[in-house]
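Written out below as structure tokens is the structure these notes cover.
Order as written gives the chain letters A, B, C and D; numbering starts at 1 within each chain.
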Amino acid sequence: MKNSFGNAINITLFGESHGTGVGVLIDGIAPGIKIDEDFIANQLTLRRPSGKISTARREPDEYVIQSGVFGGYTTGAPLCIFIPNTDTRSRDYSPDLPRPSHADFTAREKYHGFEDYRGGGHFSGRLTAALVAAGAIVIPALREKGIYIGTCINQIGQIGLSEVPTSKEELLAVAESEYGLVGDYAISMMKDTIELAAKEGDSIGGVLETAIIGLPAGIGEPWFDGVESQIARAVFGIPAVKSVAFGAKDIELMRGSRANDAFTVKDGKIITATNNSGGIQGGITNGMPIVFRTAIKPTPSISQTQMTVNVATGEETSLEIKGRHDPCIVQRARIVLDSVAALVVADMLTVRYGSDALMQK
Amino acid sequence: MKNSFGNAINITLFGESHGTGVGVLIDGIAPGIKIDEDFIANQLTLRRPSGKISTARREPDEYVIQSGVFGGYTTGAPLCIFIPNTDTRSRDYSPDLPRPSHADFTAREKYHGFEDYRGGGHFSGRLTAALVAAGAIVIPALREKGIYIGTCINQIGQIGLSEVPTSKEELLAVAESEYGLVGDYAISMMKDTIELAAKEGDSIGGVLETAIIGLPAGIGEPWFDGVESQIARAVFGIPAVKSVAFGAKDIELMRGSRANDAFTVKDGKIITATNNSGGIQGGITNGMPIVFRTAIKPTPSISQTQMTVNVATGEETSLEIKGRHDPCIVQRARIVLDSVAALVVADMLTVRYGSDALMQK
Amino acid sequence: MKNSFGNAINITLFGESHGTGVGVLIDGIAPGIKIDEDFIANQLTLRRPSGKISTARREPDEYVIQSGVFGGYTTGAPLCIFIPNTDTRSRDYSPDLPRPSHADFTAREKYHGFEDYRGGGHFSGRLTAALVAAGAIVIPALREKGIYIGTCINQIGQIGLSEVPTSKEELLAVAESEYGLVGDYAISMMKDTIELAAKEGDSIGGVLETAIIGLPAGIGEPWFDGVESQIARAVFGIPAVKSVAFGAKDIELMRGSRANDAFTVKDGKIITATNNSGGIQGGITNGMPIVFRTAIKPTPSISQTQMTVNVATGEETSLEIKGRHDPCIVQRARIVLDSVAALVVADMLTVRYGSDALMQK
Amino acid sequence: MKNSFGNAINITLFGESHGTGVGVLIDGIAPGIKIDEDFIANQLTLRRPSGKISTARREPDEYVIQSGVFGGYTTGAPLCIFIPNTDTRSRDYSPDLPRPSHADFTAREKYHGFEDYRGGGHFSGRLTAALVAAGAIVIPALREKGIYIGTCINQIGQIGLSEVPTSKEELLAVAESEYGLVGDYAISMMKDTIELAAKEGDSIGGVLETAIIGLPAGIGEPWFDGVESQIARAVFGIPAVKSVAFGAKDIELMRGSRANDAFTVKDGKIITATNNSGGIQGGITNGMPIVFRTAIKPTPSISQTQMTVNVATGEETSLEIKGRHDPCIVQRARIVLDSVAALVVADMLTVRYGSDALMQK
């Protein structure tokens, strides 16, 4: 299942950067989830480029729900969301000059030149708008069940910023914040760092830290559908992600005596005294917060001249990427991570509790 | 598909640490792959504990091919391998005292006390013997197609050791080496580090670095079945894995101008001048070596007394793990990574080139 | 995978009868398949109701390709087709009075009242328009590889009509005919039979016979993904289908000595002298034509008064279905069967020969 | 997923007729299902050949549970059952002379001569022993939830025998009967009919009728995972099955006014007055008994001389099948159908109610 993930709820992405639009098909969603149109719009806004630290391409991301919703609730039938493209400038792209560290060359090798090469086509980060819309269907239903998800910008380049909190209130504040940062100082640090790179015609990456709280113990499957496997599979689908790490930072450098999470009792409930494992043992949740870190490579589109090869002539040549592009996408990827995490969690709950697991009322 | 991975070739693990045995079912394998019994036995030996740096549990890993092989070749029908357990000492385990950072507690939460709790049951690292046997079916077929895979121990705890090479000869030497280390000094460093931890009743983790060479460009799928997604999903299935990272170490700290892999021409073929992307763009191979790093947490079984909770009485108590256990499993996980990587590659080639993709003349 | 079928090419249906529209998402399609817009339009026309023997609901079925096509060819990325609804009269439907032998009641039981009940909602035969559009993407590519598919109306009620031919020319003629009937007499018999039922406020069913020629031997999988299993699974997805039978009619009544297909040699090729098996043994094609018969129940919408239960009050009551409906859908289902068969064949070829199997030069 | 079926519970068959043995892997089974060893043995006995009307090959079908059971209950981990072969006479088979209407030729075309050709290899009906064992794991758990399944021999050749009942007591009696027949007269008719065919060196087929009672309304999925689609897909996996039909016999010949199942109220529950639909509308259960008919072709192994082609030389030749074979397998297939139906039902319940759906206290 190429462009899909999920065992009980299948999420499939479609669309192209400069085609008709981008979309997502959600199959297996519970009936009776209330659609919160404002929330969807707001999530799309959080993903949208803004200010000097993002691409100049600005689209309102007007979405259309093409199926699966009736009377303001999900029906249980496949839910298709389509986001038409409006602001596309295709003249910026050439099929013969693959941009370094973009998917232009690999797409051509896979699709033999039939790929829509404009702006990365099907590989464009623009498709994450559809992912965000899909996430926005399930996030409110998860919150109603006490499950909260949030992602902080932990690092931009080498600059350390916020750590993700694990209380409901703080996590909710992070999820709804503009940048996934705690404190004004962090925001100005982030902006300065990105703008510096931009000014030099360059780009910059970073690290995001995500927490999921409120998941009961016993969720996930052994071996290849463990929580780590499922989250990692979906998260590596997001463009520019190069690593995913669960639990305490650098747990691989610790001794076992420090890394192990001893059990203890709190308010009559068995919990662990520490959470170095990030809430997962053997692929199964233990009831503690799930915590993972996602590394985002620097945006491959930079203004500086780069070397490439003209695939039509086979000759080496230089390339100056015009187009509009982001000097950093870490701050935008944040809301995509929340969405993907929410979709994976919704799927796992549906496997565990059945097809009505997310129904409200 | 809980205990499975693969789209065209499905790998499913079964078995328990202290039950009848462990096994693997391979469905969708090409016909006409020559079975190399010596190679399978040798791979199992490389995974097996040895010396002071491993558990005292020693089993010959005699495997039985229960189906799918005829006249020394795969038939194309499902291939089932079973490895009976022989050296099991179940008295070492109690169902009521979950060991910290093992899957005992989460298994109980998921399976309501019906799980086979002995030695981790279905969650035991012992099942990786079956994974290694499965890998040993396809590795020779991949080599015949010019695809080589090898994994180095890159770090034990904080001690830096070998980097994975990307030439065929060196990679083959690594794959067949006892420890996945380059040079005697590295071996003695590794042993000293592990033995020190063991002496202190403690355990230690580390990092493995894997390379896959010889894969053509154009392999993998966009979005959620990209090469990173597929490898990460399978690798996170391996017990104790806590992070997976592709490409240059710390690429997220670089600027784009340094991270980008410019295209160039060598011997008439388009390659990249650097390989910071680890051979993958947009989830699709670009023909360069695939490189990824896997972090292994310290083994949770340590001799030191730990705190736990008696799940029957709900009371906090202390626990001394007797059993036999490894102070470090990084060196054993190495061959498991090779196996998993080989199975993922075999699957992707079958998706790309069809069900006979691995058939040998 | 609820609304999907296919292993290498995944077909997912979405939409509702009286919502925004209906659509299909095709994931895993080869790149380089030429899109024949006229052919798609023509196939949609063949499915569309016409004359006195069909519902009065008439829509032009203007489709939009939302993704996956560029420069007139498939790109290999997911291909989404959307067909907006235009002629919808929702006042004809009530949520409280389930129509006998429709899916109203079962949808309500499954979706707890959240389902879009208008005109059958997601269960409506209208979604087969999207299936036909999907089929029309692959049928020309299959023909270019020498694979032809056609379906005849074999019976309307108890009236025997045409048998499906297995020569290329005749099969092509059937596929492109208005009714899937051979000869004017059969057409007038069919019309008379349907109109008679319609005049009496009743409906009628029938049997369709489908042939697939040109498939090489060795296609399909053993056991549960055999050709019969895959075709039957997809065909039973079509509303009103109640049985699927492969090979000679009533083969279960024959003795083995008559049913068995002896091997013989023709033009240097091993074929079978008879084709009672319908081209399949052990789930795998033998190179002979694949032949199957699909029984369609009488349309459940009839004008006569029927008994039902008001699900809101729990009281028995009578129901007169107003709406617009077909006295018979056999003649319309014909083109849906061709489409489904084509999609299953395309999928099996892709599994067998890899992801470029259907690419055209 | 070649040799598998099931969305939440995956059933995969493996093994060969004359290899080490046959087996089944059940992944996704609930924990806490009590294993009834006597019941498993008894079900295997019901499938086993007996008397003059079956093959002379007789094996005790000693099965081994290789994983997934602990303390007499399923653990929730993959459950592997292996049935070693004991009574194999491979000298009876030749790779060069494909038997008419067996899978010998198609297996060769698919697997290029690498297939295990002895006795049909992986395509042998012997693998259904493993299916029966798998079914015997879930049937007791289903019964505890009020779900009963039974299959009657409806026809042998053209001789009409029993119709499947739909009361719990009668269905249970049928399920546990030796032949799935009601009344001694039917048994003697069946035996006479089969023995007559056998005496003439011939074979005979027939029709089985299966009922499933006790399933709640609302089970199944729309479109391609409807109850009909799922049952048909699994049932067509059984060797010799050529058609599957749901609901009233010949519903396609009826008028809608007669075929439609009007709603009515009984004991405060909405039911249908008739059950021509066989308990399913739109792929979803309506709470009435599920009824379907499965046609089994005559056994292809007959004693009479048949024509075949020597695939090594390409020459036409005659063939006399020695081996041991059944003149009729309808009576043995009965218990296989019960097993497959039970596994499909177990899977659908797990999708609907979650992974603990079948857990027993």
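Simple rule for what comes next: a residue touches a chain if its C-beta (ideal position, glycine included) is under 8 Å from a C-beta of that chain, and two chains touch if they have at least 3 such contacts.
In this text the structure is predicted, and so the values were computed from the model without any measurement.
Annotation of chain C and chain D: jointly contacted by A, B, touch as defined at the top. Taking each chain's centre as the mean of its CA atoms, A is the chain most distant from chain D. Taking each chain's centre as the average of its CA atoms, chain A and chain D sit 45 Å apart. Separating the CA-averaged centres of chain A and chain C is a span of 38 Å. Rounded to whole angstrom units, the spacing between the C-alpha centres of chain A and chain B is 27.
Within chain D, the positions touching two or more other chains are listed as 1-4, 13, 77, 110, 122, 222. Remark: chain B residues 1-4, 10, 12-16, 19-23, 25, 27-28, 31-32, 64-68, 70-71, 73-80, 82, 110-112, 114-116, 121-122, 356, 359 touch chain D in the complex. Partner chain C is touched in their complex by these residues of chain D: 1-5, 7, 11, 13, 98, 100-103, 105-107, 109-110, 120, 122-123, 127, 155, 157-158, 197, 201-207, 216-226, 228-230, 232-234, 236-237, 239, 241-247, 251-257, 259-265, 268, 270, 272-273, 276-278, 280-287, 293, 295-302, 304, 306-309, 311, 314-316. Note for the complex: chain C touches chain B at residues 8, 77, 222, 351-355, 357.
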